[in-house]
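Each chain gets a letter, A, B and C, in the order it is written, and its residues are counted from 1.
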Amino acid sequence: MSNDKRPGDLKYTKSHEWARIEEGEAWIGISDFAVEHLSDLTFLDLPEVGEEVSAGESFGEIESVKAVADLNAPLSGEVVEVNTELADNLEMLAESPFEKGWLIKIRMSAPSEAESLLGLEAYEEQIRKEEEEG
Amino acid sequence: MTYVPHTDEDRAKMLKAIGVDSVDDLFASLPDSVRLRAPLDLPPPVGEADLLRGMAARAGRNRADLVSFLGAGHYDHFIPPAVDALANRAEFYTAYTPYQPEISQGILQAFFEYQSMICEITGLEVSNASMYDGASALAEALVLCANAKKKRKRIVLSEGVHPEYRRVVRTYFRHLDVEVVEVPLRDGLCDPARLADQARGASGVAVQSPNVLGFIEDAASLIEPVHQAGGLFVSVVDPVSLGVLEAPGVQGADFAVGDGQPLGCPVSFGGPHFGFLAGRKAFVRKLPGRIVGATVDEENRRGFVLTFQTREQHIRREKATSNICTNQGLMALRAAVYLALLGPEGFSEVASESARKAHRLAEALKALPGFSLLHDAPFFREFPVSCPVPARRVVDRLVQAGYLAGVPLDALGAGPEEGLLVAVTENRTEAEIDGFVEALTKAFP
Amino acid sequence: MDHPTLFEKSRPGRRAHRPLGPGAAPSGEAPGIPEKARRQTPASLPALSELDVVRHFTALSRRNVGIDSTFYPLGSCTMKYNPKVNEAVASLPGFTRVHPYQPAGTAQGWLGLLKELEGFLAEIGGFHAVTLQPAAGAHGELTGLLLIRARHQEAGEDRRNIVLVPDSAHGTNPASCTLSGFKTRVLQSDKRGLVDVSDLEKKAGDDTAALMLTNPNTLGLFEEDVCRMAELLHDRGALVYMDGANLNALLGKARPGDFGVDVMHYNLHKTFSTPHGGGGPGSGPVGVAEGLADFLPVPRIVDRDGSLALWWDAPRSIGQVRSFLGNAGVALKAYAYLRRLGAKGLAETAEGAVLNANYLMARLKATYHLPFDRTCMHECVFSARPLVKKHGVRALDVAKGLIDRGFHPPTVYFPLVVPEALMIEPTETESRETLDAFVEALEDIARTAVSDPDALRAAPRTTPVGRLDEVRAVKEPRLRQT
C-alpha cells in the first residue's frame, strides 16, 4: 500500500507512469494505481545509463507473479541515472512509488512533449473511468 | 461407435432443457455452404477385438525381433518394467498440465525430482520440465543465446551435432536474422582452432559429445575459446553417457541439451521421447518451457507449483521466450522413475557396461578383414565402422541373419557410404555380440 | 516431512535395478575412455530400493487427478476419455521396439499406418496433405507459420511480415508468430464475440502474411463470417491459418479446408483422445492446401512401387521442426481411435460435445453471468465478475471451490476478452448425471458466495496442500532439490 500521496506537481500518462520535471531532466516512475494493480511485484527490468528512451515506447518491464507490464516512457531522452537499489527491494516501489520508488532519470531531448501529459486532475479522472469499466 | 454415453432419453431431456428440437439446431451457426452433406470418407468402424487383431497384424509387418545395434540418438537400453507400471497409472497419464497445483502435487513433485536429477547428471543449476526432443531443445537453447546477446548475429554448430538436430536448428532460425554456421569435423572430431575462429562474434556455439559418430570431444579445449570470444556454449549430450563422462556444467558449458529417450522411453519409431534443457541459473528467466518450484501453503506445508510463468506464452504472448505449451511431461516422468530405479550406482553401471561391450565389439570388428574404424578417436558406446562394401548392403544382409547392424552414415548424412554407425548398449548380451560378429564374418568372408 | 522427495528418501547403498545382473561386480573402469573425459564425481542421484520407488510414485499418483478420476472441463483442452484399447495398441512390442533408422522394409507396419493417418486427417480437415512431425499444437503453429512464410518468400512477397491475431486468441498464437519472425496485429472482437470484420478489412494490407484464426473461437462460438474473411484475405494475397484446438465441434460437420483455411494444426491430444500425460506428450499434425504441400517438413512418407519409404530430398521443404517423423507413438493412438469411430462416430462425437456444452450453458445461465447468450458449440464462457463486485469472490475462488466439491475446475482467466472468465468444455464423453452434478456444485458455490464468501477464498481445504505461495516461489526460487 502506497504511503505517498499522489503529488500534484507531477505529470502523468494514461498508462500510469509519472514524470517529475526539473531543469531539463525528468525523474520517471509508475503511479500507486499501477503498483496496486500488479500486486506482488517480482521483477523489474530497467535500461542502462546511456540508453535512449522514446516517449510512448517501452523502456523496460515490471513483473508480478501472473502478469508482465511494459514501462512506457512519458518523455524522450537519454538515461542518466537508474534506481538500481529497487531490483532487490521491490517493496520500496510498492510503498513509495512517487519518491523512493523512482525508476529512471533522463535528460529530456524534447521538453515540449510534457505538454501532452496529464495533470493530477486529469489523471485521477482517467483512473475513475478505468475503474468503472474494469 | 463412439464414447458418447447418451441414451435417447438423455438426449431428449437435454434438448428440452436447452429449448431446441434437435441436435442439428445447435449447428445453425455453421453456414450452409460449408455444412457437410455426406459422411467423411473414412474406413468403417471396427470393434475393439477386431481393432486389436488388425493392429497386431500391422505390428507384425514391422521387424521388431531383430537384435539391434542401432543408435544415432535412439538407443535400446533395458527399461525396467516398473517404469511402465508407474508411468501408466491413470492419475498421471490422463492428467492435464498442472495449472491447479493443489490437485496436481503428484506430477509437480515428479517434475521437481526430474529437474533435480537432470541438474545432478549435467552439473548445471536449473532445468526445465522437458522439451519436445533433443533437436528442438537445441534449437530453443540457441534461440535463447541469440536473444541473450542480441547484437551478435551468428550461431555456430559443430558438424558433430546430429544432422537432424542441425536441420531443426536451421528451420528455427530461418527468419531470425541470425547466421547459422557449421564447422566441419577433422578426423572425426571438432577442430578447436576452427571452432574458436568461427566462434568470434557468435552468441551461441553448440558441440555434441559424444558426437554423431560416437567420438568423445575434448570439451575443455572447445569451451574456453568460446567464452573468451564472449559467446555461450551449448553442450549436446547423451544423458546415459553422463554415467561415466564428465558433466557439461563441470566442464564449463552454459547449457546442456539432449534427447532423453535412453532414459526409460521405448524407441517407438522415433517418439514420443523428450528433450532436456539445463543451464546456469542466471538464465532462468529466459528458459523456455515449464519450470516447477518448491514453496509453501498458508499452513507452511511444502508444495510444488509451476513457476516463473511470466516467461511463458500464456502471459507474455508475443514476447514469450518460446511458444511451448504442452511439452513431454509423461516422458519426463518416465525418466525420473528410470533414474530412481538406477540410482547412482546403476546409472554409472549402465554407462560403463555399454562402453565395455561397445569396445569389445569394436575390437572384434576391427579384426575382420575389410572392416576398420573410420577414425582413431576415443568413443563411448557408439563407433563408425568402415565396411568393405556400402554400409546399406551390410545392413540388408544382416537383416536376413536377424540383426540390425547399424545406421549407414550416408543415410544419416554424416559420412561416406561405406561408413556404418554401430551402437551397443548394456542390453546386448555377450551371445548377441558374438552372434553379430559371426554373422558378419559369414556374410563378408 | 509429509511427502518427502526421492532425494530425501535416499539411503546410500540401496539398489533397485542392477544393469549388470544379480551379484555381478562392476568390471572395473570403462576401457578406452580417456581419463580427462571421465566423470570425477558420480552424479548424486537418489539411492532407493525398488519398493521404495514404487511406493513413492504410487503415492504421488494419488496426489494427482486425471480424467479417469474426475470430470475435467478445461476449455479448449478437450479432456475427453482416453480409451484403454488405444493404450494397449501403442504398447505392442511390434510397435515400441522399432527403431526409426531401421531399413524402411522392416518398418512397413509403422509407415503404413502413419501414411493412412495422414490421409484420415486430411479428409477430416479438408486438406491436400498432412505432416505428423510437430510434437504439440504450438509446435504445429510454428510449422504452419513457417510454411506460410516459405510460400510468400517463394512468390517474392517476403515483405509480408504481419499476422493478424484476434484478441481472443490463445497465447501460443502470438508467441508462435514471434518465433517465426512475424509481428502481430490484433483484431478486435465485435459485440457478438466474433472477429470484427470491419476491423479485419482495415487491418489486412499488403504487409499481411496471414490471419491466424481459431474456429470455433475461444468463446466457443463459430466464426460465422469465416468464408467472407477467407475470401478477403485471399484477395489481398494473404493466407488463412487455423488453430485447430477446437476441432471437436466440427468433426464430420464442416471442414476447415472447405471454408477457406490454407493451413491448420490438429491436436491429437485433444480432439483425437490421446492422453495429456500431465503436460504431454501431445502431437500437433499440420494439414495444408495443395499450394503449400511442397514446403512440408521432411521426411515425407512416400509410396515406391507398393512399398513405403522415407523421402528426404524435398528442396522446397522448410526443413525439420523435430527429429524424424514426430511423436509416432501418439499418432498410433489417434489412428486406433479413428478406426474405432469411423465417419459416423466422428459426427456423433461433435454432436455429443455440442449438446453437452449447450446443456451446461442452459442450466448455468440463471446462476452465472453469460456474456454471449446464444447457442455455443463445444464450450461456453461465463464470467464471475458479478460475484467479484457483489461478494468479492473471484473466478479463482470459484475454481478452488469446485476442487473441494470433487471436480477439476474449468479454465479460468482465459479468454482475455472476458474478465474473470470461466471457460467450460465438457466434451462428449460425459454423462448427463456428471453434468448435473457439476451444475449443482456451481450453484452451491454461488450460494456460498453470498452466505460465506470467506469459505471460498480459503478453498481448497480438502487437498494435500492449500493455496500455495506463488510469490515466494519466484522470489526465493527452489527449482531443484540440492
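Structure notes:
The rule is short, and it goes like this: a contact is a pair of C-beta atoms (placed from the backbone, for glycine too) under 8 Å apart; a residue touches a chain by one contact, two chains touch by 3 or more.
Just so we're clear, the structure is a prediction, and the values are computed from it rather than from any experiment.
With chains as nodes and touching pairs as edges, the resulting graph is complete, every pair of chains being joined. When every chain is represented by the mean of its C-alpha atoms, the one lying closest to the mean of all protein C-alpha atoms is C. Set side by side, the interfaces A-C and B-C show unequal numbers of C-beta pairs in contact, with more at B-C. For the pair subunit A and subunit B, the distance between C-alpha centroids works out to 45 Å. Annotation: 38 Å between the Cα-based centres of subunit A and subunit C. Note: centroid distance subunit B to subunit C, computed from Cα atoms, is 19 Å. Under the contact definition stated at the top, the residues of subunit B that touch 2 or more other chains are 315-316, 319.
Taken residue by residue, subunit C touches two or more other chains at 470, 473-474, whereas all remaining positions touch fewer. In subunit A, the residues that reach two or more other chains under the touch definition are 42-43, 65-66. Within the complex, the subunit B residues that touch subunit A are 285, 309-310, 315-316, 319. Subunit A meets subunit B in the complex at residues 42-43, 63-68. For subunit A in complex with subunit C, the touching residues are 40, 42-43, 65-66, 134. On the side of subunit C, the complex with subunit A involves touching residues 419, 470-471, 473-475.
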